[in-house]
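What follows are several structures.
Both of the next two complexes hold chain A, though its partner changes from chain B to chain C.
Our next item is the complex of A and B:
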C-alpha cells in the first residue's frame, strides 16, 4: 500500500517534468543560451567572415565614443519620453471616457483599437502618405487653419515628431484597453458611496479611480517605456535609408539592426544589444523602486 | 440614473468623435488613395470624397509581388506558432502551478528570466543558430523562435493557480493520471485564457518585422509584414500602389478582429495581468 502510494507520487512528479520539458528546453536553447552567447560575442570582433578575436571591452569603448550611438540615444529617449507621457495621458482620458455608460461605447472602442491589429509596416506606409509634404492630407488640413505644414519626412527638425505621432496613434488603443480592464475591476459601490457624500466627478477620479487604477497604470507605464526604447519598425518603414533626415530619427535598435545585419558587425551589434538590455533593466528597477511612492496595492 | 445632455457631455462627445475620426481617417485615406491612379492621387487640393472605384493597383501589386505567398507564409507561421505555443504554455503552466516536483521553482525562475530581457539580445544568436543548421531562408526558421512562450507559460500558471483544487481532486481520487486530469478537467476550464493567449501571440507574430527581415531574404519566404517593407523599396513614390499593398496585408486581420472583437479585446486586456 505504502509503496503503491510512493509510486503514484513519483509518477505525478514525472508527469510534471514531461509537462514543462518542451518549454524549458526551448527557453534554455532559444533564450538563456542566446543571452550568454550575445554577451560573449559582444567582447569579440565577430563579423561573420573571419574567426572572431577576443577584444575585451573594445566594442563598449567604441559605443561610448560613437556620435552615431549618441544621437540615436537622444532620439530614442525623446521618442520614449514624449510617446509614453502623451500616449499614456491620452489613453487614460479615453479609458475614463469609455468607462462611462453611454451610447456608441462599443463602436468607439472598436475604432480606437483598429491600429492595434494593423501591421506596423502598413501603418508606417499610410502615414508616410498622409504626412507627404506636398500631397498629404495632414498638411492640407493644416492649411485650413492657415498653417503651412512642414516637410515631415524630410526635415531633420520634424522627422522625429512624425515618428512620435505615428507611434502614439498606433499604441493608444492597446493601453486604453488595459486601463479599461483595470477600471472595470473597481467596485461600483465606491463611486455610489462617493456620490452620496456629494463628491463630484473630478474628486471621484482623483480619490477613487487613480489610487485603485495605479497598479494598472504602473503596468502600462513600465511596458510602454520598455517598448518605446525598442522602437524600430516604424522608423525602418517610414524612412528610407537614403532619406537625408534619417539621422534625426534613427533609434538604438535601428542602429543595432543596421550594424549587426546590414553591415555584419556582429560583435559591435551584440554590444549595443547588451547595453540596451542593461539600460532597460536599470530603468525597470528604478521604476519598481519609485512605484512605492504612488502605486497602491490593496490588501 | 438618467444622464442629461449637459454642455460638458456635449464637449465630451465631441472630443470622442474627433478622436475616433483621427483613428479612422488614415484607414479611409488609404482605401481612397488605393483606388486612384497616380495622377488622381497627386491632385492639389485633394478631393476628400472617394473619386474612383478602380482596383488596378491591387492587381498590379498582387502580380508584381508574391502576395499570395506572403499570405501563405504568414498563415503557416502564425498558425503553427499559436497552436504549439498555446498548448505548451498550458502544459507547462499547469505543471508549475499544480504539480509538486523537485526543481519546479528553479524551472519557473528560468522561464521568467526572458520576460524581462529585450528581444534584440536573442536575435543575433538565434540567427547564427539558423545559419549553422543551414535553414536560413526557410519557413521553418521563420517559425522556430515563436514555438514556446515564456509570457504564455506565466499567464497560464497564473490561471491554473486560481482554479479550485477540489476540481481535480475528484479525478485524482479516481486514480486518473495527471495527463488525464489535465486534458479532461483542466483544459476545458482553460478555454478562455487560452483563446486570449492565442490571440495575443498570434497578433505578435503577425506584426513582427525584424526576425523575418533578419532570417529570410528571399521574397517567397517572407511573411506579409516583411514583404510589405520590400514593396516600399520597389515603389517608393507610387502611393496608390503602396496603399493597395498596405491594405491587402492589413485587411485580413481587421476582418478577423471585427468578427472576434470580444476575444481580441479580452486577449489584450488579459496581457495586462487582468
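Our next item is the complex of A and C:
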C-alpha cells in the first residue's frame, strides 16, 4: 500500500518535471544564462568586437564616480517614488469605483485597460502631440482656466513630470485590474455582516477591504517599484536625443542603453545593469520583510 | 484548472523552443542554394531596392535575393548583435560612420581583390564616397548613394516679405539678413530653424574650414574657426530669428518648416517627398557660402558579411547593385541620389518642381567628418555639448573649451 502510493506520487512528480522542463529550459537559456554572462562582462572592458580583458572592479569604480549616473539615479528615484505612490493610489480609487454596480462599468474598465495593450511607442507618440507646447490639447485645456501651460517636453523643470504623467496613465489600468480581482475575492458575507452591525461604507473599506486586499496591494507595489526603476522606453520615444531637457529625464536604464548600444561600451553597460539588479533585489527584500507589518494573509 | 494551465505553459514554451530551433536552421541552411538576404533600414527605399534586385535576378536566375527592412532605430543594435554571433545578412547597408568598427572587428568582406579581378572602375564614383568606404587601403563596401544638404525655403513667405529667393551667390551675410527680414514675431513666424541636429551647425563648421577632429584624432573643437562657426549658428537663436532649441523639443524643426512657421531650414536630399507633400510652396538652393563652399555629404555603401556562405553570389549582387543599370533604376524610382557617375539625371527629372540639381551639383564640395576609430565613443558627448551651447545652457567660449577637453580625453584614452 505504502510503496504503491509512493510509486504513484513519483510518476506524477516525474510528469510534473516533464511539463515544467520546457519552461525551465527557456528561463535558463533566455534569462539566467544572460544574467550570469552580464555579471562576467561587467568585470571586463568589453567594447565593440574586441576580445574582452578582465579589469576587476574598474567599471564599478567608474559608476560611482560618474555624475551622469548620479543625476540619472536621482531622476529614476523621483520617477519611481511619484509614479508608484500616485499610480497605486489612483488605481486603487479606480478599482473601488469600478467595483460598484454602475452603468457602463464594462466600458470604463476597458477604457482604463486600453493603455496596457497599446505599445509604449504609440502611447509616447500620442502624448508628444497632446503635450505640445503650442498646439497640444493639454495646454489648450489649461488655457481655459487662465493657466499658461508649460513647455512640457523642452523645459528641464517639467520634462520629468511629463514622463511621469504618461507613465502613470499607461500603468494604471494593469494595477486596477489586479486590484479589482483582489476585491472580488473578498467574500460578500463580511460586508453583509458589517452592514448589520451598522458599519458605513468608509468603515467597511478600511476594516474589511483594505486588510483583505493587502496581499494584492503588496503585489502591485512590488511589481510597480521594479517596473518603475527600469523605466526606459517612454523616455526614449517621447524625448529626442537632441532635446535640450533630456538630461533632466535620463533614467538609469537610459544610460545603460546609451553606453551599451550607442557608445559600444558593453562592459560598463553590463556593470550598470548589475548594479541596478542589486538595488532592485535589496529593495524587494526590504519590502518582503516590511510586509509582515501590514499585509494580512488570513481570510 | 491548475493542470490545464501548466500544460498550456509547457506547450507554449515548447513551441517557442522549437520555433527558435527552426529559425536557426533556416538561416544556416539558406545560402547553399544561391539564396541571399540584404538588410536595409529605410522602408521608403524598399520598393526601389526590390526593383533593382529584380533586375539582378533576371540576369542571374540561379541567385535569389530577399530584401528585408530593420527600422533605423534598431538597425545598428541588431547588426552588432548579429555580428557578434556571426549571423549577419549576406549583404547590408553600411554607412562610413560605422565602417571602422566593423572593419576593426573583422566582420566585413574585403572587396579589393574582386574589384581588381572584375576590373570595376572606382573612378565612376565620387572620390569622397569611395574614400569613406575604404580603410587600410582596401575597399569594404561598394558605393550605393550619397546625400547632401541644401537650403530649403518657403517661396510664399519669401514673396510676402519681399526677399529674393536664395541662389548660389548667397553667403553667410545674405543668410543672416534674410533670416531677419523673414522673422515676424507677431505672426509667430521665424526666418530659419537653427536646429541642433547636426545638419545646420556641421554645415557652418565645414564652411568655416573646421571639423570636430583632424584625421589623426586631434580635436579642433577649441579653435577660433570653431568658435566663429558656432557663434554664427548661435546668433540666429539669440536674436530670435529661430525658434529656441527648447521650443524645438515640442514642435520639431521639420514641423516648423512644413507648417509655414519657418521660412528656411538646412535639410537634406532625402526630404523632397515629405516637404513637397506639406502643402507649402517649397524649393531648395545650394547652401550659402562661408569662407569656403561646403555641404555635409554622406555616402552609403553595400557591405558583405565576412562569414557569408555565398561570397561569390554576394559579390555578384553587390557589383550589380552598385553598377550602372541598378543605379539608373535607383534614380528613376526616386530612391536616392545614385553614386554612379552620370546616372543622376533621372532623379533630377523626377523632381521637376524643385531645384534637385543643386543637391547633385553640391556633391563637388561635399564634406564629412573624419570617422576615426574613437568616433563612436565621443560622438554623443560632442552632440550633447553642442546641443547645450545652442540651447543657451553653456556659453560658446567656455562650452567649447570644456567640450574640447572631454572629447580629447576620450580619444586619447581610446588610442592609448
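Everything below uses one rule, namely that the second predicted complex is superposed on the first by the 276 of 299 C-alpha atoms of A that agree within 3 Å, B and C clash if a C-alpha of one lies under 4 Å from a C-alpha of the other, contacts with A are read in each partner's own complex, and residues count from 1 in each chain.
Keep in mind that, in the parts below, a contact is a pair of C-beta atoms (placed from the backbone, for glycine too) under 8 Å apart; a residue touches a chain by one contact, two chains touch by 3 or more.
The structure presented is a predicted model; accordingly, all values stated were derived computationally and were not measured.
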| item | value |
| --- | --- |
| Partners on chain A (chain B, chain C) - clash or fit | clash |
| Touched partner set for A:109, first chain B, second chain C, both or neither | first |
| Partner chain in contact with A:22 - chain B first, chain C second, else both or neither | both |
| Partner chain in contact with A:244 - chain B first, chain C second, else both or neither | second |
| Partner chain in contact with A:38 - chain B first, chain C second, else both or neither | first |
| Which of chain B and chain C A:261 touches, first, second, both or neither | both |
| Chain A: partner with more touched residues, chain B or chain C | B |
| Partner chain in contact with A:196 - chain B first, chain C second, else both or neither | neither |
| Which superposed partner A:50 touches (first chain B, second chain C, both, neither) | second |
| Touching partner for A:118 - first (chain B), second (chain C), both, neither | first |
| Partner chain in contact with A:134 - chain B first, chain C second, else both or neither | both |
| Stretch of chain B, among 130-138, 166-174, 202-210 or 256-264, that runs into chain C once the two complexes are superposed | 130-138 |
| Set intersection of chain A contacts, chain C complex versus chain B complex | 16, 19-20, 22-23, 26, 132, 134-135, 240, 261 |
| Of all residues in chain A, those that touch chain B in their complex | 11-17, 19-20, 22-24, 26-28, 30-35, 37-38, 41, 94, 97-98, 101-102, 107-123, 125-130, 132, 134-135, 137, 140, 143, 169, 172-174, 177-178, 180-182, 185, 216, 219-220, 226, 229-230, 232-233, 236-237, 240, 253, 256-257, 260-261, 266, 269-270, 273-274, 276-277, 280-281, 284 |
| Complex interface listing, chain A residues touching chain C | 16, 18-23, 25-26, 48-50, 131-136, 151-155, 239-245, 247, 258, 261-265 |
| Residue ranges of chain B touching chain A (in the complex, touch as defined) | 3, 12, 15-16, 19-20, 22-27, 29-30, 33, 41-46, 88-89, 91-92, 94-96, 99-102, 104, 107, 110-111, 113-114, 116-129, 144-145, 147-148, 150, 153, 177-179, 182, 203, 206-207, 209-210, 213-214, 224-226, 228-229, 232, 236, 239, 242-243, 245-247, 249-250, 253-254, 256-258, 261, 264-265, 268-269, 271-274 |
| Interfacial residue positions of chain C with respect to chain A in the complex | 6-7, 9-10, 13-14, 16-17, 76-77, 80, 83-84, 101-102, 104-107, 195-197, 244-252, 376-377, 380, 383-384, 387-388, 390-391, 393 |
